[in-house]
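Paired with chain B in one complex and with chain C in the other, chain A is shared by the two complexes that follow.
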Partner chain A sequence: MVLSDFLSVLAGFWQNGPVQVALAVGGGAALVSAVVGVFTVLRGQAFAGHALADVSSAGGSASLLLGLRPLVGFFAMAALAAGGMEALGARAVRERDLVTGIVLGAGLGLTALFLYFDMTSTATTGAAVSVMFGSMFALAPGTVTLALGVAALALAASAALYRPLLLIALDPDLATIRGVRVRAVGFAHVVVLAMAVSLSAMTIGAILSTALLIGPAACGLRLARRTGTAIAIAAGLGLLATWGGIFLAYDSFYWTPGHGWPVSFFVVAIIVGAYALTGLRGRAG
Partner chain B sequence: MDGNATLPALAVERLSVALSGRTILDHVGFSLAPGSFCGLIGANGSGKTTLLRSILGLVTPSGGTIRCAGGKPGQAIGYVPQKIQFDPFMPLRARDVVGLGLDGHRFGIPLPNAARRARVAAMLAAVDAERFADQRVGDLSGGQQQRVMIAHALIRAPKLLLLDEPLANLDLRSIAEVVGLLHRLTEKQGITVLLSAHDMNPLLPVMDQIVYLAHGRAVSGTVADVVRGGVLSQLYGYHIDVIRVHGRVLVVAAGGVEAQDGSLLCDPVHVAPIP
Partner chain C sequence: MFSSFMLNSWIVATIVAATAGLVGFFVVIRGASFAAHALPLSAFPGAAAAALLGVNEIAGLVGFAALGVLGINGFSRRGRPEVATALTLVLLLGVGTLLLSQSRDDAQLVYGLLFGQVLGVSRAEIVPIAALSAAASLATLMLLRPLLLSAVSPELAQARGVAPGRIDIAFLVIMALAETIALPVVGALLVFSLMVGPASAARNLTDRPWLGLALSVGLSVVTAWLAIALAYQTNWPIGFFVGGLGALAYAVGRAVRGAKS
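This part shows the complex of A and B:
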């Protein structure tokens, strides 16, 4: 009885249009975030990643006003912030944190303005929640191609930067001597980071995108001895959390009739649980 | 050690470097014979790191020339930076770090390749690092990490190897191991080694040549020529005694001399305190 109930839920799950869009776009966002996240953690840029995501929310909220695709808005603003942080060019860690914090604050200030206009002018009270905490089941089907295209581009760029990023993480001077343009590679990585956070801002929300960026990567880095293994673990966990979260959110419509639970909550819950578990385990290959 | 017989592995002439308006190196000159082991000795802040970074092209000199046999730094010079703080989560095995020495500057993901694997394995064997080759580099001891970084620096077969304070923070046994390894590399493979240290004593048995730095100026030659009271007194600009005891060298300043900037002109390690 229980099994047949489950199977019928699953059958409905696969055939549901919004679910299919969520699985595709969410999967792409999870994969990119996990891969980019590993290098972001290695470079000590977790805070910068979070700042880009927060700033991207200004673009996301502006896109609702202007009638643009949310992904375009999220990415435009994140890329602008990435360029801004690079232009301010802080080298010392403390200085970098400062610049990041200021850029983050400026972005959220704009978000407050745009969201207020969103709510007062178009009466979409859901705008704030959807920009900040995601709208996995409300993604436009037309977004799939664009989102997966951006995801593919980000993955290709990460693969290209793979070895130079590792050599720089080992020691920037060693990389410089070998002819690596350390600053250019760093900037390219921040642009890829902007792609990653825009994708996850669109799916699980600007605020929570940090969870998808840092959580799976941190688990992979805890468990693996090799970069490839760390990335594989992060990617697997990111997909599991996202797809698992989508399924649980879909299923939750049956738990509390009338309203379901948000996908983002389940995604983050799975990631945090996995991180806690990795604390108990040793290292994989 | 007859530097005139062949082209030197490295020739530095009248090298001056100023960083943010302060003179760090002032007309430094020396040359290294191919296959020699040279200690770059001086107190902390005497300009050792700046000299090495100038040779590598990481610092632009304000004057002088640096000529290195064999071309550009990335190809002809191997470098082991001052104590790298390996992130404990760095997902690299010792083997991967050595592999990055081979092709870490290239774009893309390294594809499985038997020739590359064999070359990395041979390099790991040459520095006696096979035993811990598959451990995460952050989990290794200081001496093991130094051997891995030496392998990283040598895998592209440079003629000249620069090491910045590789013996700092190592225990006595690791120091002996690293020095012995570098000595073997100069003897067997003809690599020229320039190694900076604040204590010359561990290097005395293997050093062919010494470059002694103080206040941005240098004297060079054999240990017997350079490490003498008269020579070092002239370099430092005040009276220095060199004491040889139990096979060790102590460089002793005549008590409490202060530099113009207020710092004590005593090397804290090899200058014995005078009451």
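This part shows the complex of A and C:
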């Protein structure tokens, strides 16, 4: 009986329109974030990745105001912030963190302003929640093509950047000697990072997209010695967390009648749980 | 702007900004921006939890801030500190989305907690805020030397008997306290901007630690006052002004440093 219940839930799950859109866009976001995330963790840029995602929320909230596609808004702002950090760039880690923080603060200030305009000029009272915490089940079906296109582009760019980026992450001096244009490759990485965070900001929310970027990548790097294997593990875990989260959130409508549990909660819970479990193996990562 | 219902805001803003300036100076020299950004966001779900359980909001915020400190510290033991910070942040925020979805809080409340509201505090909250602020400031002043020393030279600090792990945790606790009390006014997302912006300007304007500390406190208080006044006049969110003024302070500090050298 339990099994038949489960199967009937599953049948409804697959046929549900918003679920199909969420599975496609969320899957794309998870895949790109996992791949880009491995380089982000290796280069010690978790804060920068988080900051870009947060700042992208200013674009997400502006897009509601201007009637643009949310993904375009999220990406435009993330790319702008990436450029800003690069322009103010600093080599020392402490100075870099400070610059990241300053850009982050200014960007979040803009988010505050745009969300305020969203709430006063239009009827979108839930703008703050949907931009910051995601709107997985409220994605427009028309977004699928654009989102998957951006995801494909980001994956292709990551593949092209794979070798030089890895070299920079492991040994910047050697990379320079071998003729890698460190700044150009670094900037390209940040642009791909902006694509990844804007995809996941749209799905699980700007301030939570860090979970998809950092969590699976950190697990992959803990479990695998080879970067390629780490990327594969990260991609698998990211997909598992996102699709699992979507299924659990869909199912949760039956747990607490009236209001389901948010997808973002499940995605984050699965990812952090996996990170805690991989930590038990005892390898520092 | 100075009518009686605004008085609480002026008092609280002055207290929390002075504390933010003091603690923020060490955030900047210790390079702890990410933790400073993550802790108030981790504390934010505490307000939703407090609303669900019917307890005092500040108590909820302090409770979740403590979870944030424990999370960052616990995950850091077995892995990269910035990964630990990132995952603690998303874990507690994820719990926050769950609490918010169950409590059906109105969007206005979430917005206010994230981005700040000029009238975010009541008269009854002034005393606990002042007490927590005094605790954070006192702890900072008592640990002034080890905090400075371990930031400038960890090896020297260790040689003088300062345990690096312990001072890191102590500083996380101080940051968490200072930020939690500022959260209801400035907003969870912009608290760290009040800490980092004025302090970074102060550090660029002078190399003398005492003068820098005093400048940091002064600039932070002025930033908070300006932000409240501007928010009151325009009706725009206070977080916008805090973030913008923080960036402006940094830019001025960098320009002055550039002109000097």
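Simple rule for what comes next: the second predicted complex is superposed on the first by the 281 of 285 C-alpha atoms of A that agree within 3 Å, B and C clash if a C-alpha of one lies under 4 Å from a C-alpha of the other, contacts with A are read in each partner's own complex, and residues count from 1 in each chain.
Throughout what follows, a contact is a pair of C-beta atoms (placed from the backbone, for glycine too) under 8 Å apart; a residue touches a chain by one contact, two chains touch by 3 or more.
All values reported here derive from a predicted model rather than from experimental measurement.
Counted by residues of chain A touched, the larger count belongs to C, out of chain B and chain C. When both complexes are overlaid on chain A, the residue A:Val41 reaches chain B and chain C alike. Of the two partner chains, neither chain B nor chain C is touched by A:Leu65.
Residue contacts after overlaying the shared chain place A:Gly126 against chain C, while chain B stays out of touching range. Contact with chain B, but none with chain C, is seen for A:Val180 once the two complexes are overlaid on the shared chain. Touch criterion met: A:Ala169 reaches chain B, while chain C stays clear of it. After overlaying the two complexes on the shared chain, residue contacts for A:Arg222 are found with chain B and with chain C alike. In the superposition on chain A, A:Val144 makes contact with neither chain B nor chain C. Annotation: chain A residues 41, 222 touch chain B in one complex and chain C in the other.
The part of chain B that touches chain A in the complex is made up of residues 53, 56-58, 73-74, 77, 79, 81, 84, 87, 89-93, 96-97, 100, 103-110, 134-136, 152. Those residues of chain A that touch chain B in the complex are listed here as 38, 41-42, 159-164, 166-167, 169-171, 173-180, 220-222, 224-230, 283.
Of all the residues in chain C, the ones that touch chain A in their complex are 28, 30-31, 33-34, 36-37, 41, 75, 78-80, 82-83, 85-87, 89-91, 93-95, 97-98, 100-102, 104, 106-108, 110-111, 114-116, 187, 189-190, 192-193, 196-197, 200, 236-237, 239-244, 246-247, 250.
Against chain C, in their complex, chain A makes its touches with residues 41, 44, 46-47, 49-51, 54, 93-94, 97-98, 100-113, 115-116, 119, 125-129, 132-133, 205, 207-208, 210-211, 214-215, 218, 222, 256, 259-262, 264-265, 267-269, 271-272, 275, 279, 282, 284-285.
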